[in-house]
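Which chain is which? They are A, B, C and D, in the order written, and residues in each are numbered from 1.
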């Protein structure tokens, strides 16, 4: 596929995700971690405008100089920005304005992509695709949060979010032998800088579950008093449970004695044989401790990934998000992409049903703070 | 005017205030004190539905039982409600839904008002009118806050908010003699329960300014270091200044050495001979101390009101919001209207350019916490 | 009594209040409103040194220039100070250092007082006595808080804090006729600036209870679900109850089904026929509403004070702390004494068992924020 | 050395650290991370009483059942405890009471240690020694914080805290070859559970500095605008700098143009050729980035430790505190020692001048949150 085609497809997919929304749904930001959908639409556009069009398309006419302030996410190099908690307070630019902004930038990008572009530009365009695809997943998770925390529980789409049924002959484990393995991205395809620096890693032998933990299995933990049994928890996790009065995974509701969860298709009874979703690292680690097991490290996961099916949940690992050997930040704003977040976050491996296809590879390193639950997270056990 | 006519006019005026808004403007809540315009539209409707239609219109069909939860403001008697800081996180009901809700309730109200209604219902309908008119003023102040805190400074309407020019022969004072005066609502017209209990009040003789303080006069205070001169401030006021880094009235911006302020007509140079607006009680009291004067009490204001022109600014008084002799809360939810706020708030007298006409009377008692500035507040000095 | 004698007696009484303390008790500050006893000892000394010795005693040798920073309470005129929440973090100056500081200042003060002092100095010395006497009461209330919030419940003194038994023929009311009364300090004795400006005040006729509310009466309110019945509460009061999980007056503990309270004499069963103590304005107002009555205004209280016995509890009134007609702050630091606190506080009238004798007069205006409970506060009803 | 002797020496060393303190210094807690010295004295005693005397000494007479509540630090298994921020609010038990408590427990411990004790008890006694030695270091760091944040800057001891002079022929690097190394505690001596599980680890080749970074070198970073250059910082680090207005290492003060730092010997000019101290992980990582280098991992550090002198500063590594392969929490309260903190903390290697001798070994893993600075932390660079 050439760059123009992929550009069009990527941009169209973003807009199709927003198609079922009402204008009002584009605007709100119920918690700091969630961004308004219209912000995602504008920010991904600003990325192409700022890093590609303004430096590389001669005569490019900036759409609105103020948008730089509104749609910068965290790039300190580029200048001041609307602080993250304020995004949901901005009614303007309107949704219509932002779609016009997208058209303006799309036209200019297509003009540029029809010329013979340098390797440097190709690299940035590719980064732009991957950046927008990451925001496509965030659109799903943020829309779910926005609708799922509305007291009216509106549906996004009737047939959205089919769960992953775990086969009944489950609970079997794969075994990996002690040895030296290679970790990190291999080959020529695109990857993020945090996956680079393929290097040797020595692993002890270990076992890893072939299947994800189900809703029903987690309910056993809950019913066994798991949330109030301090011995299974990290001290910070227990504090998080108490401070936020956590009693179940995100989106779970007990209504007249039965368990329901909010899905993009509305409020539904929880299917107990499907893969658990929307738990924090703290809950994942506590569940593993309750089972007398543990979470895998990201290195174990990557080595063992060929032995199981994955791609339905982002899976918490017990690895902190840290640089691989030889990692260096790129100079300039693009270098702010990954390295500056390498503290106090945990690595997730895998992918989810909402992940863009180009983001499913065994070396992919996702990362979130340990208390966050609004991604499609799950648990795979190791021993 | 009969009840049906006034009902239609009141409801239409509310909607006409919202006419210049984009859908997105209806949704956001930048600070706790400001409510999203769509919430005002729904809440005033919920008031008629809850206190009049449900108890008094036989066979009335409630529009949506969940709306009770969404649009209750603070009536504990009626049940749980969306907490105030969460209002801006609700994308649904949509603006269209809420206009439909208004139509549904309007139809039922007109049906009821065409029958012969009891005195009790008349009293509640009148309260409903006055309640909605109060929210009309809040719509103006909240819309101003929403647009005025957007980095794009969008205009609400080109010709909105013409300032009050203070005549040049100003700074003259009216003199009121010591004596016993009557305070409180007089006559048969509508008033709120907090104005009732007309009673004798002994006043010392005093002087009161015939004109409001201008922007230019306040700028003298600012340029004289007024914001950092502790001797003019209440201790809590000084703390508020420091904590919030207050350096000028709300909506004032110094741009390349010149002072601008945001108005509903956009960002404009500050006219120095117009009445000052958007200051807190703390700033009003500090300004008065800097002038060697003071704010009037609400009793002084009411007695002197016939000696000056008023109605352009809500004017801070040095009276705390407390009950008049004989005040008793009405039983039930309607009784929650005023009495339960009689602590830690200061009384404002007068009215503003955004006040509904029926809310301009000398006995009217408005009240806000002393740090609030988003109302059209001003200063009148006394001695 | 001459000035030297009164100086010695005042200073000695302060130290005698601290006599039962251990060194450690002098140091801590469990909440912002409570100050460490050693701070009170130093601050009252700093007051004499700063306002009298340094300006008026030629050749006075300042004890330690750093103490100005440590012991300034809130006098902005005098310069920077340790913020109030940090007082409990200071282990130095030590208790011994502070007693030496007291001796140093006492010697100099006695030297000054044996000379012929001007009227200006006399006025300041008198203010110094009254200031220290106010801190004597605060020493009692702060010591009670420090010991009463220690899990070991140590006693201050075996025989401290004998309760006020309410006579059994109680619940009778005094009646005051409508009329014009005089309010404010009368005569030549010392008073604070906030009591001055004796002025006429018109009162409606009213009834006021001859006795204070008892522990047993308040327990009836509590047992009737008073703390969770929103209709009796100010909105801010209800919010305070919920946020702080308030379920009873301060120092009350339910232990194995029986009610105890901490007193300076230790943890003891609550005597139900004694005057209630340690309630906030919010609780006082809610109790009154539950009884179908109200709190008196400070004007009613002052006029009626001759008709009942008072002096055992500071009694919450329904008056905000505001200036009397003609009130002006004195220039300089001494002027910061009262006026700058005239916002968001409620007036208490009366006195408590811990009040210094010179502070019991009918015109005395005490004031606290409505949520505070660590003073010896009580309830007198009006109608 | 036998157990009785080591017991006596350990306990005596703790008390000797407190010898220069005044009673008041034992009581305060200026920030949550710092504990009052008297709490350390009581808590280390409570550890022996709770885990050894109560279960293993027949007929042991518990000193005071309430002390369990006061001196439990974080052992959820043992029951409720005074929350950490409240420790500085407790004036009782007094310092004298706590020394009596120590004597009571010491007598019982010596009685027990003179009998023939089981392996299980030996293990717990050894843990008790190491636990108390950890608190000895915390006593130094907490005392420094308490005195160093007092506006009078009192000295702990004239000759305390001699700095480490860095030799002038410095800045040389040791080189370690790529290969498989062994990580974790080796041999029979005592170690904590987090050091166990010696395992193979593959390392890339790397260079590591033989000397620590000096005050003068860090001042170059500061003078070069390092604290405001976002490109060197983690996003959370930059936020920490801005929120807390960080402009220099802890205890540094610029006075009339010259740099001073508070030491246990008082306020002194900063010796520029001595090892830098009291910086956060964020500052360490930003400094390394400014130098175009990085911090070593804990694995690199352990492997390279034989090539340089260490033991003067706890050295921040770029490794998160996570379990070694095979780590399992011990059951019961003792198992709460380490494992539950393995989230959101970074590993420090080395030791400091205040570290007890038994706590200097190459496999020792210290850990703190990345913003903390009150330990004697420093920087060693790697490449």
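Side notes on the structure shown:
Here, contacts are C-beta pairs under 8 Å (C-beta built on N, C-alpha and C of every residue); 3 or more make two chains touch, one makes a residue touch a chain.
Please read all numbers here as calculations on a predicted model, not as lab measurements.
Common neighbours of subunit A and subunit D under the contact definition above are absent. Subunit C and subunit D have Cα centroids separated by 44 Å.
Centroid to centroid, with C-alpha atoms defining each point, subunit B and subunit D lie 57 Å apart. Touching of two or more other chains is recorded for no residue of subunit B.
Taken as a graph of touching chains, this assembly is arranged as a ring, one closed cycle with exactly two partners per chain. A complete list of chain pairs in contact reads A-B, A-D, B-C, C-D. Considering their complex, residues 22-30, 38, 66, 69-70, 82, 86, 88-95, 146-147, 149-152, 154 of subunit B touch subunit A. Of all residues in subunit A, those touching subunit D in their complex are 74, 76-77, 180, 199-202, 204, 230-231, 233-238, 281-282, 285, 289, 294, 318-320, 322-323, 325-326, 329, 335-336, 340-344, 346, 370.
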